[in-house]
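Okay, so chain A shows up in both of these, paired with chain B first and chain C after.
What follows is the complex of A and B.
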């Protein structure tokens, strides 16, 4: 069905970005902040409207834009497409995006780059909307690259901080590495399918050469791993926490990092045509879930705990997609966006209160000082830990049940252990911050009364984190499954779906309960872990877990070695003496003549 | 042999360039310096525009299908005309970039740019050995002088010398190769070369082809024949380097393509294997080399080596699709590369080009728009989606994978992806430098410059007078160039081209297809 409004969902934020960016000197703070929020709100309304227009048959809404090229071996007509999956993602991108824009009006109130912040945030929403709205791989990749660039700008938002610049640099480089693999995937698609449009590729995917489809999927997976911070290319995400906290909430938790999950689900005809690729996705997801959870147990920076937790939760999503439970995976994206954004925004309020302190060892006793943050944060903690009734419970259990149902016992076990660890590190985080005696850290009383503008988004997210799971109670409701079913039915597929969690759910809950209680005991007011943690304030933490198994150090060392080697090589080879150059020339000359003589 | 028909309208673009160059020199002779200087630029720009107009009208009048003129010496096909347009665009932008040259004899410099462009067009349209070599030498000789151009600029002199010495060797190799092939075939026409293989014993032919390919590899700066490039590109002034990196490459690519199409029998890939090896080597060496540079011009020189490696992927199948992809890639390279050099010119201080990373430090604070455009060019050189570099890489990789040489293509395209990821470090380094705070030393330098400027404005002191006692004006404002319409025009064109080719390259793709009616 033809639609005329799709393009505005992405163009309005772009317009907002341009106006705020160009007029940042002239616009007042309020004007910049509220204009930025308003355009995203309108995009949200347009998304709702598009959801209303989407026919029950599942035929996507379309809007064609222009011809990209027609005289190549392939034709490419660029357009936008919105099916249930697109709208599902857009709902969160614009909805949570709007809330975080509003929050930022309060959070960034004292920052001198206020208007620039909103221009960049709007630019991000535009790019993300393009990513999910594109009806072809070129559009997808353009959005994909631009969300990465927006993330780069926002991680390095405080350009005067050297750490922030270094983190931005790392994030951009790793993302570009992923994109260059994806370019090859696109070139292979041109060769195999003679097209870059979703519709044509997906309808031919099952009949294509198996080897090529596997190659395409695995190349796309390189991009997915970089974007969604999965093993082994996750090292940029913890560093990305150098950006302002709303950025971490929106880009590095709720939306951008889920682009990888979106791509697996979007390109499911390609992935499902290659068992190898599916297996790889699931295994990488499961291992990343476990890895993130393990490392999170020994971090002391509140945002780094949440960053590794994000990596872990994204792992769940990819594992779900990898076992074919696409709808469950999309559902977990949905609930995770709420509770992880909630946790980050809560973390932002805490560090605002403590003049920017982020080390949880220096916190404590904040429950009495910040009751609102206490209760909302608790909702987030329970949701991510999978407490029955909270949002995370339903989505996580659905993925685990689907994995078990498909016979992936190993993956399921990893998922269960991860669930226990998740409850443990969240309990630890929570009790270190809010329990016990207030530490000597000064609270920031100069912080202005922006409670309302920051509190409102947090309250909404807390409610969503508590209740949004109810849209998929096994056997009673199954909104995500039914809503997304036409997406898969179009290409003759059906997402793996389980109607009841059954007996194994008790095991998962047991693990989580044990983890939670151990976390509370160890790090409670009189716990041993708390005492030990506070003693460790004086020194750098050793051990593989606290240092994320040294992967990052390994990469830094590797890159530095190559750099050193290249520098020495370049200096020696490029000596500046023309006679040396001539010598190389003649060596090449001799090799050439030799080759052609013997040909 | 019958008398060759003189078809002057077919070479109107060439004649225009030659005449404009002479006109510039005559103006210098008959008018006083101050009055004639603006006219030199006007004539040079006008000449290039007129040549472009002639080229376009040849294209649209259908002359593009009427093949060869002057007895087959010069080919007027879509292929030649398209590369002619790329060369003319590069020359036009290079002249605009040269507005800031302070040399007294800049008229000669402009004439040489026009002649070099003419040589490039001749090479791109060559139909036999004579025009091939003529074009190559015309462009080379002009460029030797252009590289060395600059008053008391010893670095430029050194660069010109190096280029001349090594370039002469390459020319000698080319002559040898052409001689060998002539010895075998007895003909100089491209159309008759293929017969040279029929006699069986074809060692002469093989070595001849090898030597010609080698000499083109030198002009393209393919590894290991690249070693002159970093020194020459860094030593020459930015407008000359910008012109060379795009113009020479376009012309050499066109000449090599024509030669290979004429001489390589269908399906005989063994003659192309060395080129593939050079392509792979160039990607690796160019990317790694770019990463360790701290001078933007040198960085762009290495980047150019990597890019010519990507460009050479179009020799994988030597098919219509591959050649089209190469032509498109050169269009993309034209905009992103010239744009980057325009920023280098724009950041000149005291007649020194803004070529070190230090000069870029803190640019986002000082000149956000300039910094933003430079960022765009850097991203495009990486191959960032939304930019021309991305479309170029995608199309060239797709053509390579479809070329039917299987494993080699897969390896080379894999190399493209890996080296793209590596080279990103180099380009992002430039962006990071602009994003960073100005280093402390930078601030000191700026303050000193401002102090000097104030002193000059207040009272001419002893140091600022020359021997006759007349005050010396600062050669250029001692801080960066504030605003200049010529630079703004170049940057605007390059930004537009970079985004256009990245987002909706339809027209450019239409231009770049069906280039090979000659096979």
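What follows is the complex of A and C.
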């Protein structure tokens, strides 16, 4: 069914970005902020409208745009396509995106780059919409590269900070490395399927050469691992926290980093045609979940704790997708977007209150000063820890139950341990910030009076983090599963799902409860951990866990060595003698002539 | 145009090109180097025009105009660079201009 709505969902944020970007000198701050929020709100409403238009049969909404690549051996009809999966993602991208735009009006109010911020944020929403709306791999890759560039712009938003510039470069470089692998995957698709359109590739996937499908899936996986910050290419995500906090909430927690999960689910006919690829996705996801959770237990920067926890939660999503529980994975994306955005926005309010302080060792006793943040943050902590009834409980349990149901006992065990660690580091984070005595850090009361514009999104997200899990109570409600089922049915698949969590849920809950209580005890007002943590303020933290197992240092060392070696070689070639360059050029030309004319 | 004439033009063009190329390699004055590049451009133009007349279509003519435009731009930038180098040091030798070496 044709639907022009899809074009507007995508174009409105682009239009907003252009107007705010071009007119940023003339627009008042309020105008820029509210215009940026408004276009995303309209996109959100249009997404709801598109959900209403989507036929129950599951035939996607379409909008063809143009023909691309007429000189190629095939024609690519570029267009937009929205099935249940696309709309599921768009709902969060525009919905949470809108809330974070509104929050930013308050958060960025004193920033001199206020209008630029909103132009870039709108541009991100456009890119992400393109990524999920594309009906072919070229459109996907263009959106993929554009969200990467938006992320680059926003990580390095405070261009005067050297760390921010370095982090932006790092994120861009790692993501481009992933994109190059994806380009190779696209080339293989053309070779094997003679097309780049989803519909044609997915319908042929099961009958294709197994080796090539595995190669395509694994190459796509390289891109997925970089975008979703999974082992071993996650190192850009903790650094990306140099960007403003709303950016961390929107791009580096709720939406962009989930693009990898989206791609695994979108390209499930390819992945499920290759058991090797599926296994790899699940194992990388599980290991990243564990790795992120372990490292998060020894971080002291509030945003870095949340960054590693994002990596860990994305690991859960990939693990779910890797065992075939696509709907559970998409569901965890949904709930995670709420509670992680909530935690980041809460963290932003805390560091605003403390004049930019982000070290949780210097915090404490904030519960009495910031009761609103206390209660909303608590909702987020309980949701991510998997407390029964909260959103994260249902989605996480569903993934774990599906893994066990499919017989992946090892993955399930890793998931259970991770659940325990998650509860532990979240309890530690929470009690260090809010428990105990107020620290000597000077609090900043300048920001009072923006409570409404920053508080409203946080309140909405807190409610969503508490209640959104109820849409998938096993055996009672199955909204994600039923809603997404047509996506898989079109290609003759069915997502793995479970009707009840069964008794293993007790084990997961037990682990989480132990982790939570240990975290609270250890870092509570009189706990040993708290005292030790505060003593460690004076020195750089040692040990492999606090330093994320030295992976980042290894990469820096490796890149520097290659760079030094390359410099020696390059200096020999790039001598600076123009005439030698000319001679080389002529020699090369002569070699070509010789090859083409004489051989 | 008779075939012999075409061969003559192409041969002339080859000679001009070779003169330019050799000059570029052995002379060290930047002005002469620029002139040698100009010779090579024009050798290429001559070939374009000769073949365009031979086949009786206009594409060669159009291309030679593009080449002239690009050559003009190249000379404008090249001369500007040379003038700037002259200001920094009294004599100019293309072998000495290696400041941007890594």
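Criterion: the second predicted complex is superposed on the first by the 569 of 599 C-alpha atoms of A that agree within 3 Å, B and C clash if a C-alpha of one lies under 4 Å from a C-alpha of the other, contacts with A are read in each partner's own complex, and residues count from 1 in each chain.
Everything that follows uses one rule, which is that contacts are C-beta pairs under 8 Å (C-beta built on N, C-alpha and C of every residue); 3 or more make two chains touch, one makes a residue touch a chain.
Computed from a predicted model, the values in this text were never measured in an experiment.
In the superposed pair of complexes, A:505 makes contact with neither chain B nor chain C. When the two complexes are overlaid on their common chain A, residue A:141 makes contact with chain B while staying clear of chain C.
After overlaying the two complexes on the shared chain, residue contacts for A:574 are found with chain B and with chain C alike.
For chain A, the partner with contacts to more residues, out of chain B and chain C, is B. Touch criterion met: A:599 reaches chain B, while chain C stays clear of it.
In the superposition on chain A, A:160 makes contact with chain B only, while chain C stays out of contact range.
By the touch criterion defined above, A:467 reaches neither chain B nor chain C. In the superposed model, A:179 makes contact with chain B only, not with chain C.
In the superposition on chain A, contact is made by A:72 with chain B only, not with chain C.
Shared contact residues of chain A with chain B and chain C: 567, 570, 574, 576, 578, 582.
Across the complex, chain B meets chain A through its residues 161-162, 165-166, 169-170, 173, 203, 206-207, 209-211, 213-214, 218, 224-225, 227-228, 230-231, 270-271, 273-274, 288-289, 291-292, 321, 324, 364, 379, 382-386, 390, 393-395, 397-398, 400-402, 413-414, 416-418, 420-421, 424-425, 428, 432, 435-437, 503-506, 509-510, 513-514. Within the complex formed with chain A, the residues of chain C that make contact are 21, 24-25, 28, 33, 94-95, 97-102. Chain A contributes residues 567, 570-571, 574-579, 582-583, 586 to its touches with chain C in the complex. Interface residues of chain A, counted against chain B in their complex, comprise 66-74, 78, 138, 141-142, 144-146, 149, 156, 159-160, 165, 168-169, 172-173, 176-177, 179-181, 183-184, 186-188, 190-191, 559, 562-563, 566-567, 569-570, 573-574, 576, 578, 580-582, 584-585, 587-589, 592-593, 595-597, 599.
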